[in-house]
Amino acid sequence: MPARGWCDAMRLLIINPNTTASMTETVAIAARGVARQPDHVVAINPDTGPAAIQGAEDGARALPGLFAVFEREVLSGDHFDGVIIACFDDTGLWELRARSSVPVVGIGEAGYHAAALLGPRFSVVTTLAVSIPVLEENIRRYGFADRCARVRASGVPVLDIEGDEQRSRALIEAEVARAFGEDDVASVVLGCAGMANLADELTRRFNRPVIDGVSAAVGLCETLHRATSPLRS
Amino acid sequence: MPARGWCDAMRLLIINPNTTASMTETVAIAARGVARQPDHVVAINPDTGPAAIQGAEDGARALPGLFAVFEREVLSGDHFDGVIIACFDDTGLWELRARSSVPVVGIGEAGYHAAALLGPRFSVVTTLAVSIPVLEENIRRYGFADRCARVRASGVPVLDIEGDEQRSRALIEAEVARAFGEDDVASVVLGCAGMANLADELTRRFNRPVIDGVSAAVGLCETLHRATSPLRS
Amino acid sequence: MPARGWCDAMRLLIINPNTTASMTETVAIAARGVARQPDHVVAINPDTGPAAIQGAEDGARALPGLFAVFEREVLSGDHFDGVIIACFDDTGLWELRARSSVPVVGIGEAGYHAAALLGPRFSVVTTLAVSIPVLEENIRRYGFADRCARVRASGVPVLDIEGDEQRSRALIEAEVARAFGEDDVASVVLGCAGMANLADELTRRFNRPVIDGVSAAVGLCETLHRATSPLRS
Amino acid sequence: MPARGWCDAMRLLIINPNTTASMTETVAIAARGVARQPDHVVAINPDTGPAAIQGAEDGARALPGLFAVFEREVLSGDHFDGVIIACFDDTGLWELRARSSVPVVGIGEAGYHAAALLGPRFSVVTTLAVSIPVLEENIRRYGFADRCARVRASGVPVLDIEGDEQRSRALIEAEVARAFGEDDVASVVLGCAGMANLADELTRRFNRPVIDGVSAAVGLCETLHRATSPLRS
Amino acid sequence: MPARGWCDAMRLLIINPNTTASMTETVAIAARGVARQPDHVVAINPDTGPAAIQGAEDGARALPGLFAVFEREVLSGDHFDGVIIACFDDTGLWELRARSSVPVVGIGEAGYHAAALLGPRFSVVTTLAVSIPVLEENIRRYGFADRCARVRASGVPVLDIEGDEQRSRALIEAEVARAFGEDDVASVVLGCAGMANLADELTRRFNRPVIDGVSAAVGLCETLHRATSPLRS
Amino acid sequence: MPARGWCDAMRLLIINPNTTASMTETVAIAARGVARQPDHVVAINPDTGPAAIQGAEDGARALPGLFAVFEREVLSGDHFDGVIIACFDDTGLWELRARSSVPVVGIGEAGYHAAALLGPRFSVVTTLAVSIPVLEENIRRYGFADRCARVRASGVPVLDIEGDEQRSRALIEAEVARAFGEDDVASVVLGCAGMANLADELTRRFNRPVIDGVSAAVGLCETLHRATSPLRS
C-alpha cells in the first residue's frame, strides 16, 4: 500500500485589503471549501482604508492598512505559513513578497496562472472599467499579456456584487457569455474577490471553466508550501 | 466545526515520454509523495522512442509514442482526471492539451509557474546544453522570459543522473550554486524529470527553494481539477 | 556573356497534412506553377487523420499521419531536397525541422515572411474563427506579432473552398476587402492551402499584393536550398 | 508533361550604399551567381558618401547618395523590377520601400529571414563592434530578437575584407567557429556585403549553413516578384 | 539666499521638415512661449520636399531637404546647442541624432515621453489614418507600446488645420473626447506639429492634460542641454 | 522683441524615501543647481524606515514612511506643484502618482528618459548587485528594456558614497569606464541619489554624458508642470 501523500499542516492567512468584512467572509468560505486544512485558514481585513478597491488610486490608498496587517500578523510572531492577498488587483503583492519568508500569492495572479495552464488563452471579467488598466499592467508584469485575450468590465461596482446581488449576477453572467462568444478563450477568470462564490455556478452554466482566483490561490499556496517544506525541516 | 476541504478523488496519469522505465519509477515516487490520493497516481512510458530526450530532435522523435499512449489511456476509456507530461521539455504539451478534456500539465511549465510565484526571478539547471534552446523557447511561449534569469546546463546527460549518480549530483549541485551565486534569483528549477528526488536535499543545502517540476505539476493539476470540478457534477 | 544563374535541381516534397486529396492537387498545381523544376515537385497527403485542419485539436490529430509520411518519404531514403508543409497552421513544422537535414518550410510562415518583406504590416484572411488563436500563436513565435495587423476569419470552412466555390470566393473576397479597407496594411496573406489558386485573381482585383503561402514557400525553399548547396558538394 | 515553372524576366538593381566600387563588384558577382536571369542584374553605388558604412553615423551619411541613386534609377524611368540594398545595415530600407512600387530587400534582413527559416536560432558575424547596436536594432524591428542568439564582431574593418584578405578571413572564420561553438545556433549569417564570397567556403568548412545576405536577397526578391506578378499583368 | 538655478544660454534650432512656412511659424511661436531663452529659438524649413508629411512615403521624400538643412545649419558652423524636429513622425530622428554632437529631439517622441511620465497610459490624436502605422512603429521603437492605448486619426489633413480651422478644431476635439471617454488614459498627445496651439485650450476644455509635442520637446531639449553642459566647459 | 518664456513659479517637493538626512541634502543641492526657481525647492525625508534602500525588501519597508510624508505634505494642504521621489528605485512611484493631482517623477525613471533621448542605448551604474533586479524590472515596466544595454553594480553600498568617499568614487568611476568600454552605449546613468554630485565630473572625465537622475527629474518635472499649466488657470 502506497504511503499517504504529503500533509504538512499549513496555516494560511488571507488578507482582504479593503475594509468590507462581509467580503472577507465570502472569501474565507471559498478558501475553506478547497483548503486541505480548512480550520487553519484565517481571513482578516484592515480597519482603515477604502471599502472597495476600484482603480489605481484606491489600491494606493489601501496599502498602509494592508502593510499594518501584514506587519502585525506575519512579520511579528511568525504565525502563518502562507499569505493570500484577496484583492484581484494583487494590491501590494510585490512589496509583501519582498518582505516575507513564506509564500505570498495574489488572487489575481492565481487566477491568471490557473487559466494559463488550462488553455492557450483566457479572458477576465472584472467590475468597473477603471480597473482595466491596473489588471492589464499586472498581466503584463506576470508575463501573461499574450495569453490574455481581453480584460472586460461587467459594469458592476465591487460593493454591488453583494448589495444588488441579482442584477449583478445577471450583468456578470452576460459579460462572461460575451467573453466565451467573442474572445476564442479556453476559460474566463472572474476579476474580483467578491465573485468567488459565483465561479462554480457559472462553470456549470457555460460548461467551460470560469475561474475563481481565491480557490486557485489556495491550491497554488499549498503547492508552494510543499515545494519549500524542506526549508522548515 | 468547519467543513472538511475539497476531496474529490483525482485519478492522475503521468506519462514519461521517454522509454526509460527506471526514470518513470523515480517520477512516480516523487508524485505519490505529494499527491492527495497517492494510490490514484499511475505512471507509464511508451515502448518505442528515444531512451532520453536531449534536444529538439529527440523531442520530435518521442511524439509518436507519446501520442499513442495518450490515445490509448486518455482518449479511449476516459480513465483519468488529469495528465502530467513528465519531461522537462514539456514534450507534446500543446498538442495533448488541445485534444484533452481533462487538465494536462507539463513538469517544465509547472516548475516555471511555481518559481514565478516564489519571487521576481528564477534560473533553471538542466542536463546538456543542447536542451537550452528548447527550454528558452518554452519559457518565452509561456510568458516567463522576463522572469527567467538564465537556463544553465550542468553537463550531465539525462541517463547519467541515475547511471553515474554521485558525479551527477556533484555537477548539478555545483551548477545550482552558481545560479544562486551569480543570477540574483529567488529560486532554481531543476530541469529534468530524473532530478525529481534531488530537490528537497538541495533546498536544504542552499536554504533556498530548489524546485522539482514533478511535485509542482501534481499540485497544479490538483488545483485545476478542483477549479474544473463543476464540469463533472 | 555572364554565366547562367544557379540551377541545381531540387526535388521538392509537399505534404498536405490533411487527407483531402483534391486539396493536395490544388497545392501541387500552385507549386508547380512557380517552381524552377516543376516536374521535381511531388505532393502527397496522409491516409489517416482529419479531412481538414480547423483549430488546434485538428492540428494535433493530424500529427501522427504527418509524421508517418515524413518518416517514410524523407527520413528513409533521402529522396527529397526540401519539404513544404501545406497547411497554413504550419502543422508539425518545428518537429519536422528538428528531425530533417533538408530545409522544411510551412506555407503559413512562408506567407508571413513574404508579407513582412513587402511592407510594414500585413493582415491574414483565414477560414474559421477557431483557427485564429493557432495562427496568432504562430505569428508570435516567428516574431511577426508587430507586423501583423489582424488575423481575420472569412467564415468559410476549409472544405467549402472547393465544395461551395462561388459563395466561398465571395466571402473571402469580402474579408480581403475589409482587411485592405480597415487595417492599413501593405498586403493580405490568404490563410489556407486551399485558397492557393485565388491569390493572383485577388491581387489583380485589389491591385495590391494578396499572398499565397504555397508559392511563397516554393520560392523560400529554393532560396534555402541554394544557401545550403555547399553542404551537398 | 507539366508546364515549365514561372519565368517572368526580372530586372534587378543592386545598390551598394557605400562608394567602394570593388565591393559593388563582389556583390554583383555573388548576385549573378544565383539569379534566374544573371544578365538582368545591375549593381551600382553612389559617387559621394562614406567608403564604408561602420556604425549609425556612417549609415546616416550614406543616405543622401543612396536616395539620389534610387531617385534616378528607380523613380525616374521605371527600369527595374526589384531593388536590393547591399549593405548589411539595410541602410535606408524603410524609406526606399515606402517610396517604391517594386519590392525592395535589404541584405541584412534577407540573411535574417533565411536563417530564421533554417532553424530555431542563428548568430551574426559582422565587422566592427560599432555596428552591433545598429544590427541589433534592425533585428528587433524585423521581429527576430528571439531568434538571434548573438551579434558578434570579428574585428575586421569593412575595407580590410578585400584589402587584408588573408588575415580578415582568419578572423572571420575564428568568430564563426565561436558562434557555432558557444551559441547553440543552426546557422550563422555573415554580416557584411563584402563577405558575400566567403559563405560557400565557410559552409563547407563548418558543415553547417553560413549565410550570405546577398544571395538570400536575390532569392527573396525573385519570390516577391513572383507573388506580385499579377500587378503587372 | 540660494544660488540662482542653471541658466546656460541655449541656442535652439527647430526644423520643420515640410515646406509649409506658416506651420513653421506656428511651431516657433509655441516653442518661444515656453523656452528659457525665447530669442535664441530659430525655426526653419527646407525649400524642397512635401508641403505636408502624411504617411511613410511623404516622410521618406522629406529626408533629402531635412538632411540639407541639418548639414548647413548644424554640421557646418556649430551654431546651435540643440535641434528639434518639428514633425510628429519624428522624420529623420535617428539619422540626425547619429550625426549630431548636440541633443536632437523629435516632437513625437517628446510628446510620448511627457505622456508616459504623467500616468500609466496615453492615447494619440493625429491627422489622417495613413499616419497611424508610422506613429505605431515609432512608439514601439521608443518602448512605449504598452503605455499607448491607441493612436487615433481625426480625419483632418495636415494643411486643413490652418486652412479649414474651425472644422478642423471640431473634429480634433471630438476625437480627443473619444480618447478620454473610451481609452482609460491619463492624457492625450496631439499628433501633429500644426496642432501646437490647440493644446492649452483642449487641456482646459477636458480638464485633463492634452499634450503638445513642441513645448514638450523644448523642455526635454533644455533638460538634455543641462545634463550635457559639462561637455562644453 | 519676443516675449519672455514661460515662468510660472513651481513649488517642488523632493522626497528622499530613506532616513539619511545628509543624502537628502546632497539631493537638494543638486536640484537647486538646475531648477528655474531654486528657492521653491524643498527636500525632506521620513523619520522612520531604512537608512538606505538596497534591494526590494528595503524598498517595501520604506513605503509606510514615504506614504506618510506624501499624505502630510501633498494631500493635506496642496502646498506643492510637483513631487520628485529621490531614490533610484523609484520607490512608491506608481502609488504616489495614482493619488496625486500634480506631476510625480522618480529619479530613476528621469535618468532613463534622459538617456533614451540622448542615443540608442544606455547603461546604468548602481550601488550593490541586490538592486539590479529591482532596476531591471522598472526599466521593463517603463518600456526601456531594449534601450538599456546593462545594469551594472559598482559594489559600493549606498551609505559608503558619502562615508568612504574616495574609495567609492574610484569604484564608481571604474564601473562607468567599463560601461563605456564594453556596452556600446551613448550615455551612462548613475543609479543612486547619493551619486548626484558625481555626474558633472564624470561627464568631463569620459567626455560623454554621465547622467544624474536628480537634475533630469527637475527638468522633466518643470516640463510636465508647463504642459499641465492650463489645468491651473
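Things worth noting here:
Think of it as A, B, C, D, E and F in the order they're written, each chain with its own count starting at 1.
By definition in this document, a residue touches a chain if its C-beta (ideal position, glycine included) is under 8 Å from a C-beta of that chain, and two chains touch if they have at least 3 such contacts.
Keep in mind that this is a model prediction, so the values were computed, not measured.
Distance between Cα centroids is largest for the pairing of subunit D with A. Computed centre separation for the pair subunit C/subunit F is 52 angstrom, with centres defined by C-alpha atoms.
Work out the mean CA point of subunit B and of subunit C, and you get 34 Å between them. Centre-to-centre separation between subunit C and subunit E, using Cα means, comes to 43 Å. Touching of two or more other chains is recorded for residues 56, 94, 120, 137, 145-146 of subunit B.
If you sketch which chains touch which, the pattern fits none of the simple shapes: not an open path, not a single ring, not a star, and not all-to-all.
Inter-chain contacts, as defined above, occur between A-B, A-C, A-E, A-F, B-C, B-D, B-F, C-D, C-E, D-E, D-F, E-F.
Subunit A contributes residues 56, 129-130, 132-133, 137, 140, 145 to its touches with subunit E in the complex. By the touch criterion stated above, subunit F contacts subunit E in their complex at residues 1-6, 32-39, 94, 97, 103, 105, 109, 113-114, 116-120, 142-147, 199-201, 203-204, 207-209, 211-212, 215-216, 219-220, 222-224, 226-231, 233. For subunit C in complex with subunit B, the touching residues are 55-57, 59-61, 63-64, 67-68, 94-96, 98-99, 137, 141. In the complex of the two chains, the subunit B residues touching subunit F come out as 120-121, 146, 184.
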